[in-house]
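In the two assemblies presented below, chain A is common to both, partnered first by chain B and then by chain C.
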Partner chain A sequence: MPGTEEKPAGNGNGSGTKKAAVIVRVAILVLVLLLGLWLAQRLLVPKYISVNEEGLLTREYYAAAGGNDVLFIGDCEVYSNFSPVKLWQDRGYTSVIRGSPQQLIWHSYYMLEDTLRYEKPKVAVFNVLSMKYGEPQSEAYNRLALDGMKLSDVKLRAVAASRTEDETVASYIFPLLRFHSRWSELGSEDFRYMFSTKQLSHNGYVMRLDVKSVDTVPRDKPLEDYSFSQVCWDYLDRMKKLCDDNGIRLILIKAPTLKPAWYDEWDEQIVKYAEDNGLSYVNLLDLRDEIGIDYGTDTFDAGMHLNLSGAEKLTAWFGDYLAENVPSLADRRSDAGMAARWNEKIRYYEEMRDAQQRQLDESGRIDSYWG
Partner chain B sequence: MSFVSLGFLAFLAVLIALYYVIPGKCQWMLLLAGSIFFYAFTGWRPLVFITVTALSTYAAGILIGRVNAAGNAWLKDNAGSLDRETKKAYKAGIKRRTRAVMVICLVLNLGILAVIKYTDFGISIVNGIFGTQIGYFRFILPLGISFYIFQSMGYIIDVYRGKYAPERNFARFSLFVSFFPQLLQGPISRFDELSKTLYGPHRFRYETVARGAWRVLWGYFKKMIVADRMITAVTALSGDTAAYTGVFVPVLVLFYAIQLYADFTGGIDITIGIAQMLGIDVAENFDRPFFSLNIAEYWRRWHITMGTWFRDYIFYPLSVSPGMMKISKWSREKLGQAVGKRIPVYLSTIIVWFATGLWHGAAWNFIVWGLLNCVVIVISQELSPLYTRFHGRFAFSNTKGYNVFQMFRTFWLMGFIRVLDVYRDVPATFRQVGTMFTTPNWGRLFDGSLLGLGLGIHDYAVIAAGCAAMLTVSILQNRRPVRDRLMAMPVAARYVMFAAAVLLIFVFGAYGIGYDAGQFIYTRF
Partner chain C sequence: MKNCFVTKRKTSLRLFACILLVAAAASLTVFSGCAGSGTEQTSAAVPGSTDSHGSESQATPSAADSFVFKKGDVTIAMHAPAGPVIEALGAYTNYYEEPSCAFEGMDKTYSYPGFDVTTYTKGGSDYVSGVIFWDDSVATAEGVYIGQTLEDIRKAYGADVSGETSVSLTRGASKLLFLLKDGAVSSIQYLAVEN
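Now for the complex of A and B:
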């Protein structure tokens, strides 16, 4: 039995060789174990290929990072509505989007902090719709926003700020702890994309070619209280300070999508904040005619998000706005290295556009972003 | 801090690493610090309670030791000048004084337990009988209090009986009371047994640590793969008594038996495994109880340390107490030898089972559960001559097949008694069991209803595989300890198996969002 034949610590004859053998054995065991856990994790985490594709967005940033002068931050109202490729083609501005579905303001704040670990843009464009959410909404959206973020102190703070009651920080460091129960729903996709993935976005932009026009715009229900949560104001303050500290110009926008509602009472609060803090605020909803958005042809889901046509119109207008209001932005098309990099992005952009067009031509609908 | 948490695993890893690095004479101090740290996670109030128990029991032990020592010294010094009667009277005086110390200690600690655990139950009885509206105190029960108080009371009774000398070092005694692996759900250790290895020193031995780690892993397997996966179904079946009648009652009996077994034995495996990794021997608490042929045997194999505690500290003293002797004498005279000699035994048995029920919880369902166990045991004992005749007459009753039948019978009998613990309401339990005979809905076993209990087909597959593994290990264990077999395997195979087992638990364990995994069932007792 253990313990009965033992000698006091330090009094044994344990030779160095024996100790070393034990250490090596334990190390091998730990390595085997870690390898097994890593493989299980690779297999079990969602692949976001045929469902919830937007789960790929956060992790795709790191391939696009470096040398971007314009950063768009926000929710689907940025990743569906602005095309960095178009901005490059029109103006030679380098830009990237850090957006994910229902990205809350603290997600955005930490995305900004995370971005600063890789590059320092000249302009940060923040879509203010998320000001309406003062508390974590659901684990699913936290996962879509944060799972793809590289492990860092920023990520840990982002998780701590975002998590709902049941979520643990550990499960963001070791996603196996969260997704282990997916073993019962594994499909061929999980095996096929265990070590690889597909690229969904074009510097953060998610392309959709199809059209679903706006038939009717539902009347917005009046709210009892239009004031934004103090938490949101605090994060907006922090975002502004972070931009100020890093010499980044912060521009607030409200994307020109009809749903969900954007109330005048909300708008007034943002206008006042921008005035008080010396920020630019552009409510693109008010400028939709000037931009030329046609809700009969420029949206793929009846006004919630713009399709490629709408996104390119909006981006063209916004490129003009940036040229006029941010003179420090440079046209970098003469930079051969940068141009080569963006030419590759343009190639993939056109490839996806053509693939989606083919689907529309063949079936009248888009079943996959990639065709 | 729950055993089923990454925080606990990190705590354990750091503790074990430090344990084998520091000098052996300091190991027990580290364990004490670790135990305090571990228990502090339950809050400062539980820490106060456990300190009171440790301090009062320690002081009582020391006092008993001093009284005995002083008395014995005086007797020795005056041996020549004292006659036999004087010596006897003096010894009786010592006994009275030490008994008084012991009784004060017992009253204090059992009083604390009674107040915290049973006050509201008492109020509910008073309110029920007299129609009063006395408010409830709703004390929060410190985790593990029933276990560490019983362990401490066992110690003080043993010291009083002179079984061993009291521990003189308060810190060492505190470790005995608070040793973290067994703090929350036992086993209820004896000081003379646990202290042999508790205070070390222990040198790192790969094989000992590896064996402990296997046992811990097996505990997590049972707890996380089987027990915690069962929670949803057991909660659903017991929660909606209107919907789940008839055939669902034996389903609940089966599911709860599996859940409780996997949960409690799993927890004890983790406890014993951790202790073993530290070189410490903790008493076994189970001996494959579902292989028992009758309920008396079952109770010798299930929660062994609790059973032996009640036997040694309640049943035996009660059976030979002056009061019981008088009853024995009276009953023999009035009812004859045959019946009369049984009366004190059965009376003691009833009291012990009443106390056992009450120990499990302050509610009628636990008391009825205890008394039902008692009834079955007494009936079995009364019918034993009949059984003997039966076995003598029918040869098949000595076959393996008949043994399997007996195990099956004991399993279900215990299961139906145990179900009181799930419904937590005595009339509801009897009503539900009654519906088995009044609601002929056996077809619902096959109409997909079982998939509406929060478990999918894949969950049932995992549970079935887990049960098969537990059964296989139990059968193998009967012939040769499974860990002996594992340790005899080639190193590479052992490592791959260990890694695979860890992986199994991580992947198939029921934890995280969507699962209600957490504390062990017995921690609430």
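Now for the complex of A and C:
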């Protein structure tokens, strides 16, 4: 009888052990599958090292987040033209740029929202060129702006607002869904930078030392309609409200680059909006002589973007403007912790500058940002 | 015990195999489900991806497919390969190239007396993206030039053409735009558009 009493108990233990073993095996299998998918994703997503390097910008923000008093938002007209390192060296202002190629105004709005998850700057500087685009231009610009954004409700809303017809929200959560067909294009770079990457920017600034002067600029073709799209005005309103709600001073700017065109008719609309909403608007194109920009030496692509020399001139001028117009900005160079952090940024800034200078000295051109 | 163990091991293996099959099927479903669109999307100049149209070249559109501008013996259609056009037009007075913010190639502007030709890059080759007139020394293939009136446009393109400040005509993947100021044509632009 005791035997018959023990038997069920013995069977129960054996069954439990077997179930546990099955569960462990299933768990291991699932983990192996997930690991495989993760590795495949790491391998297949674009690395942005030797092509479209600006694809690194959005993800690089998170290492620079925290303690920035000035936030620049916009397209290449901010990430090529303003140097946060120079602003720190001149004025002791902490700043960061959240830029991406052809960043559209809804990208910019969600960049601002995303930034507020990590820090609350005192000033947000928005470049208004993107007001000219009332609809998504291509998937590629969405990818450059949003693939690197950390997953959050802000990212999901940004993708929903930005995606073109063929894009899915899921592909921004699991990029493997989008890039799996890159297997036939894989190169050594994809393996080398599978788990690590290079740092392109200096708190969002993309450095170029080379010079391609402006010889001629084609006339701007007249447009059929100069009105900005209503969706752009709506996002500008939202950006202003978000800034107001968070006690951030919003400053509108137009960068001093000669191309693409910035029409007087567009400028008038921004001037009126700024007046109607109590905002500052600085058309830096009109101030290029005062800033001291020389389009013979201060641009690397014939007037579309400034090179390091031009960006440092513009930043020096803008630092003076901020000092005069935003007295709440503090010189933080006496903060030892902050100074140490920025000294490291200066070291990398000078390292990249020297690497590019070496390339120019040796070959007369820059083949890589990093040398 | 031995038989019992073998039976249990078979059960576990069957379960393991089933899970593998399900996972493989799911993966295949996910990938095959988007394989078609994925291939198309990859060709859409997404960063880090190669444009699959890279090795293809576009055929020259005919006058039936596109508005064309004629300069002497040279016929310029929108989306036509730019190389032969630029070569045939001869020396230009000015040249400007605009690199894209992010993507391959350049947007180029070639200036000639009275007009500019603009091009875009696709798959490593340049194609005509537009022609813009700057003065009345050039006319459309149908004979309209800067300074003429809406009535002249109607005579050339049909009585149903209308517009107060602009007239926009579409043919295939091209657009012909006339801007009007004080009743006169102030700008004429050929534009390549998506078909």
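Everything that follows uses one rule, which is that the second predicted complex is superposed on the first by the 346 of 371 C-alpha atoms of A that agree within 3 Å, B and C clash if a C-alpha of one lies under 4 Å from a C-alpha of the other, contacts with A are read in each partner's own complex, and residues count from 1 in each chain.
As a working rule, a contact is a pair of C-beta atoms (placed from the backbone, for glycine too) under 8 Å apart; a residue touches a chain by one contact, two chains touch by 3 or more.
Being a predicted model, the structure only gives us computed values, none of them experimental.
In the superposed model, A:Leu144 lies in contact with chain C only, and not with chain B.
In the superposed pair of complexes, A:Trp183 makes contact with chain B only, with no contact to chain C. In the superposition on chain A, contact is made by A:Arg219 with chain C only, not with chain B. When the shared chain is aligned, no partner comes close enough to touch A:Asp69: not chain B, not chain C. Using the contact criterion defined above for the overlaid structures, shared-chain residue A:Gly55 touches chain C, although it does not reach chain B. In the superposition on chain A, contact is made by A:Lys47 with chain C only, not with chain B. When the two complexes are overlaid, the chain among chain B and chain C that reaches more residues of chain A is C.
In the superposed model, A:Met304 makes contact with chain C only, not with chain B. Annotation: chain A residues 22, 25, 29, 33, 37, 139, 166-167, 177-178, 180-181 touch chain B in one complex and chain C in the other.
Residues of chain A that touch chain B in their complex: 1-4, 6-12, 14, 22, 25, 28-29, 32-33, 36-37, 40, 44, 139, 166-168, 170-171, 176-178, 180-181, 183-184. Taken in their complex, chain C has these residues touching chain A: 8, 12, 15-16, 19-20, 23, 27, 30-31, 34-35, 37-42, 44-50, 94-99, 101-103, 109, 111, 116, 130, 132, 134, 165-166, 168, 177, 179, 186-187, 189.
Taken together, the chain A residues at the contact with chain C in this complex read 18, 21-22, 25-26, 29, 33, 37, 45-48, 51-52, 54-55, 75-76, 101-102, 138-141, 143-144, 166-167, 177-182, 185, 216-219, 221-222, 224-225, 259-260, 301-302, 304. Residues 6, 20, 22-25, 27, 196-197, 200-206, 208, 211-212, 276, 279-281, 456, 458-459, 491, 495-496, 498-500, 502-503, 506-515 of chain B touch chain A in their complex.
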